[in-house]
C-alpha cells in the first residue's frame, strides 16, 4: 500500500489540527515540574506582605496574547490571593485593553475586588525607558490620571504611592522593546525595585543573563510552558495556559511520532528495494 | 569656539555651601567623548554617610536623582542637551554632620568618540584589505575562489524549467532596498535573468516594495538587453504585490500553485514566512534554491529546499557567478577579515586567560 | 446595530480563517478569493497607513502649518516626487537620484551597524577565559563555543580548496551549523504551534464561545 | 551624467553617515536622524509606484479576462473599498476627509477602515502566519531522516530540543538524580542552545557581516551599481 505524498501531507495536517484542537476543548491537565526561574518569580510574589502595591506592565499586543495573557491572569490572581494591590501600566499602545481583559477574566473569582481599591489601570505611555525613569521620580508626573480620567490623588489605593520606590515588585510581560529590559535597566538598576516578568518562548533566552547575582531580574516566565507551571504553583484549576500547554505537548509528541514514521518509511522502502535488487541478481 | 575646550568644563560654586565639616567632596565632570548628552557626578570621602544627588527642574525645584551609601562613587546623568546648564545638589548626610553643595555644569560635545577607536581601526583595516584585493584583481591577478555548493545547481534548475516549458520564480526577499541582502539578491537576479533570456524561459519576480520593484525591473531589463533578447522581456512579469508581509506571502503561494514554476529561487532577507514559501514550493514539486543571511531562517530553508546558500555564501554567490574581478577581489578581502577575526579571537582568549582585560576592553568599549 | 455588526465581524473573521486553512487541503476558489482580497486590502491598508502616519505628520502638516520653518523638508518632498517620475518612461531616469540617496545612506548605516553589532560584538563575546572554576559543564561549554565559532568562520573561508587538513575545521564547522539548525528548528516548533492555538482560541472562544 | 551624479550622491551619503558615527559634535550628530526621516518620506512616496504597478498588472488581467479574472476583480474591489474608507473617515484616531464619521461608527461600532482591518485583514494575516504550525510538522516529517552524519546531527538535536521544551521532556528525565544535570532534557536543551548553537550563530553572523561590509563598501565607492540598471 502506498499513499501519495499529497495525501500524506493532508493526513499530517488533519491529525495535527485535531491534536491541537481536542486538548483545548477537553483539557488533560498535565502538571509539569516547575523550573527554577518560575519558582523564583512565584516566590517573589508569595513573600511580599499583604497590602503591598505591585505593578503589572502589559508590554505586548494581541499578537503575543496566546503566550502572555495567561501569565498576566495568573500573576494577578496570585497577587490578589496574597492581598496585594495591582497597578496595570503599559509600554505598548494596545496594552491597556489587554489589562482590562485580564481583570475581567478574574472578576468572577474575586467578586470583592474593587477598582481603585484593589486594582487600577493607568494606561499606556510612550517613551519606554525615559518614562520609567520619570516614574521613579514621580508617578503623578507620568500618569496624571488613570484610563478613565480619574485624577491619581482621587484613587484610594494610590494614596501612599508616590514613586516607583513605593512599589513592592514589578512584573513586566513583554514581547519586545520596550519591555522587561527597560524595566530592569530603569526600575531595578536605578531605583532598586525588584523586577520579574514573562516573555514569549522565542525571546526568553535573551533575558536569562539578567537573572544573576545582582538580581537584576528575579525569575522569568518563558512562554506557555512557564505560564502553565505558574498556574500549577498557585493551584489554578483549568488555567488557560495549562490547557494550551496540553495542546503544545500533544503537538510536540505528534511531531516526534511523525519523524519516527518518516524514518520507518524510508527504512522500509530501502529494505524492499534491497530485496528486489537481490532478487534481480539471483 | 567653545567646543575647542574638549576636556575643559565650566563649573561654578553657587550658593553658600555648608562649611566642609566632613571629608566629603563633590565634583561634576563632562562625560568624555560624547555628543554632549551626559555628565558624571562624582563624590569622594563620604564614608559612613548617605549620598543623595538632586537635580533642579525648570522651576528650580530639586528632585532626587540617585542615592548611595558608598564612600566613593559616581553617577552618570544622561539624556541631557549639549551646552545647556544643569544644576545639581549633592548632599552627604552622616550621623555626625551633613555636607551639601550646589554645582552647575554644562555637558560639552566632542569631536571624536574615543571609545570607537577600535571600531574605526577594524573598519579601516578590513576596508583597506578589500580595496587592495580589488585593485590586484583589476590588474589581472588570478584569484582563486573555491566552488560554492548549490550554485552549480542554478543552471540545472533553469535547464529543467526550460525543458518543462514552465516559468522560473524569483523572490528577492521581503526587505526593502535598504537591506544589503536585497542588493546582493539583485546581483544574483541579474545573472539569472541573463540565463533565462538565453534559454527563453519566463522569469516571474514578485516584489514587496516599490523601490525593489524599480531596481528589479532595471536589472532584469538590462540582462535581457545584454543577452540580445529585449523583445522577450515582459515588464508585467516583474510586479508589485503588497507591502504587507503575509499578504505578500499569500500572493506568492497563489503564484506557485497556479503557475507551477519549475524552479523557485528565494534570495535575500527572509523572516518567519520562509517556511511557508519553501513548503508550498516543495508541494508543487519545484527545484528550490534559497539563500539568506538571516541566521534564524536558515534551518527552514536547509530542511525544505534542495540547495541553500548559508550566510555569507549569499554575498559570495554573486562574485562566484559573475567571475567579475572586482567582486572576486572583494570576496578575498572578506576572507582576509575572517582570518583576522580568528586571530583576534585567539589573542583575546589568551589575554583573558592570563587575566589581562585591556585587550578585550579595547574592542568591547564600543558598545 | 453596532452589536450585530460586531458579531457579524466575528463571522466574517471565521469565514476568512477557514478560507486560508482550506489552502492546506488544496487550491480552491475560497482561498483564491481570500488571497486576492488579502492582497488588495493589505496594499490599501499600507497606503492609508503611510499617508496618515508618515506623509501627513512628517511632511504635509508641517509644511502647511509652518512653511518657512520647515523649508528643509522640501528636499525629501522633492526627492519623493522625483521617485514618482518613474511612472513615465521618458522621466524614469530622474528617480535614480532619490534611489541613490536611499542606497547610499543605507549602505553606510548597515556597514556600520553590522560591523559593530554582528562582527565586533560577537567577536568580543567569544574572547573568554574558557575555564570556569568549579563548573565543569560551563568549562566544556566554553571550549565547544570557541571551537565551534572558529571552525564555523573557517567554513565560510572561500580562498582555499577544502581538501586534506584544510577540510577538517570546515567539516567541524558544518557539524556545528547542523546542530544549530536542528536546535533552532526544534526551538521554533513551540512558537509555531502557539500560533495555531491562537487561531483556534479565536474560533472556539470569541466566535463559538465553546471555551473560556 | 545620468549615471555619474547618482553615484556621487551615493558616495556623499555614505560619507556623511560615517562622519556622523564617529563625530559626536553637531551637525554630524544629528544628520543620521534627519536622513532617516527623509528616508521615510521618500519611501512613502515610492509606495505609490507599487500601487500603480498593482493596478496596471491586475487591470490588464481583468481586461484580458485571463483565467481566474473574477478573483483579481474581487481583489481590486477590496483595495478600492479599503482605500476609500480610509480616505473618507480616517483610521483609528486620525480623521479623514469627511471627519471621523461618528454616525457610521455608531452603526458599525468602529470606523469602516478599522472594521475591515480588524475583522478581515487581521484574521487573514494571523491565519497565514498560523499555517506555519502545519508546515513545520510536514517539514519535520519529510526532512528529519537518518541519512548522512550531518543530517543525523540535525535530526537528533531537533528531537532533543522538541522534547526538552514540552512537558514530556521534564517527565521523561525527572527521575535522574540532580547531580547529573545534563541528562535532564530541559537542561540539555539549554546547554545546546547556549553553547553549540551560539557558536554556529556567531560564525554565521560574523562572516555575513563581512559580506555586508564588503558589499556596502563597494556600493558606496560606486563599484557595485547593478541596482541602478544600465545606461540609457
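Quick notes on this structure:
Which chain is which? They are A, B, C and D, in the order written, and residues in each are numbered from 1.
Following the convention adopted for this analysis, a residue touches a chain if its C-beta (ideal position, glycine included) is under 8 Å from a C-beta of that chain, and two chains touch if they have at least 3 such contacts.
Keep in mind that this is a model prediction, so the values were computed, not measured.
With B-D and B-C as the two chain pairs, more C-beta contacts join B-D. A centroid comparison over C-alpha atoms places B as the chain most distant from chain A.
Mean C-alpha position of chain B lies 15 Å from that of chain D. One finds 13 Å separating the Cα centroids of chain B and chain C. Rounded to whole angstrom, the centroid-to-centroid distance between chain A and chain B, based on C-alpha atoms, equals 30 Å.
Chain A and chain D have CA centres that are 24 Å apart. Within chain A, contacts with two or more other chains are made by residues 6, 9, 13, 16-17, 20, 201, 225, 248, 251-252, 255. In chain C, 20, 23-24, 32, 34-36, 38-39, 41-43, 45-46, 86, 99, 102-103, 105-107, 109-112, 115, 119, 123, 126, 146, 149-150, 153, 156, 177, 180-182, 184-185, 187-190, 193, 195-196, 198 are the positions where the chain touches two or more neighbouring chains simultaneously.
For chain B, residues touching at least two other chains, in rising order: 123, 126, 177-178, 180, 183, 211, 214-215, 241-244, 246-247, 250, 258, 295, 298, 300, 302-303, 310-312, 316, 331, 334, 338, 341. Those residues of chain C that touch chain D in the shared complex are 1-3, 5-6, 9-10, 12-14, 16-17, 20-21, 23-24, 29, 32-52, 54-56, 58-59, 72-73, 75-77, 79-81, 83-84, 86-87, 92-93, 96-112, 114-115, 118-119, 122-123, 125-126, 137, 141-142, 144-153, 155-156, 173-190, 192-193, 195-196, 198-199, 202. Of all residues in chain B, those touching chain D in their complex are 3, 33-36, 82, 109-113, 116, 120, 123, 126-127, 130-131, 134, 176-178, 180-181, 183-184, 186-187, 190, 207, 209-211, 213-215, 217-219, 221-222, 225-226, 236, 239-247, 249-250, 258, 272, 275-276, 278-280, 282, 293, 295, 298, 300, 302-304, 310-312, 314-316, 326-327, 330-331, 333-334, 337-338, 341. If you check the complex, the residues on chain C that touch chain B are 20, 23, 27, 32, 34-36, 38-39, 41-43, 45-46, 86, 95, 99, 102-103, 105-107, 109-112, 115-116, 119-121, 123-124, 126-131, 146, 149-150, 153-154, 156-162, 177, 180-182, 184-185, 188.
Across the complex, chain C is touched by residues 118-119, 122-123, 126, 144-146, 148, 177-180, 183, 211, 214-215, 241-244, 246-247, 250-251, 253-254, 257-258, 295-296, 298-300, 302-303, 310-313, 316, 320, 331-332, 334-335, 338-339, 341-342, 344-349, 351-353, 355, 359-360, 363-364, 366-367 of chain B.
Residues 24-26, 187-191, 193-198, 200-201, 204, 210-212 of chain C are the ones touching chain A in the complex.
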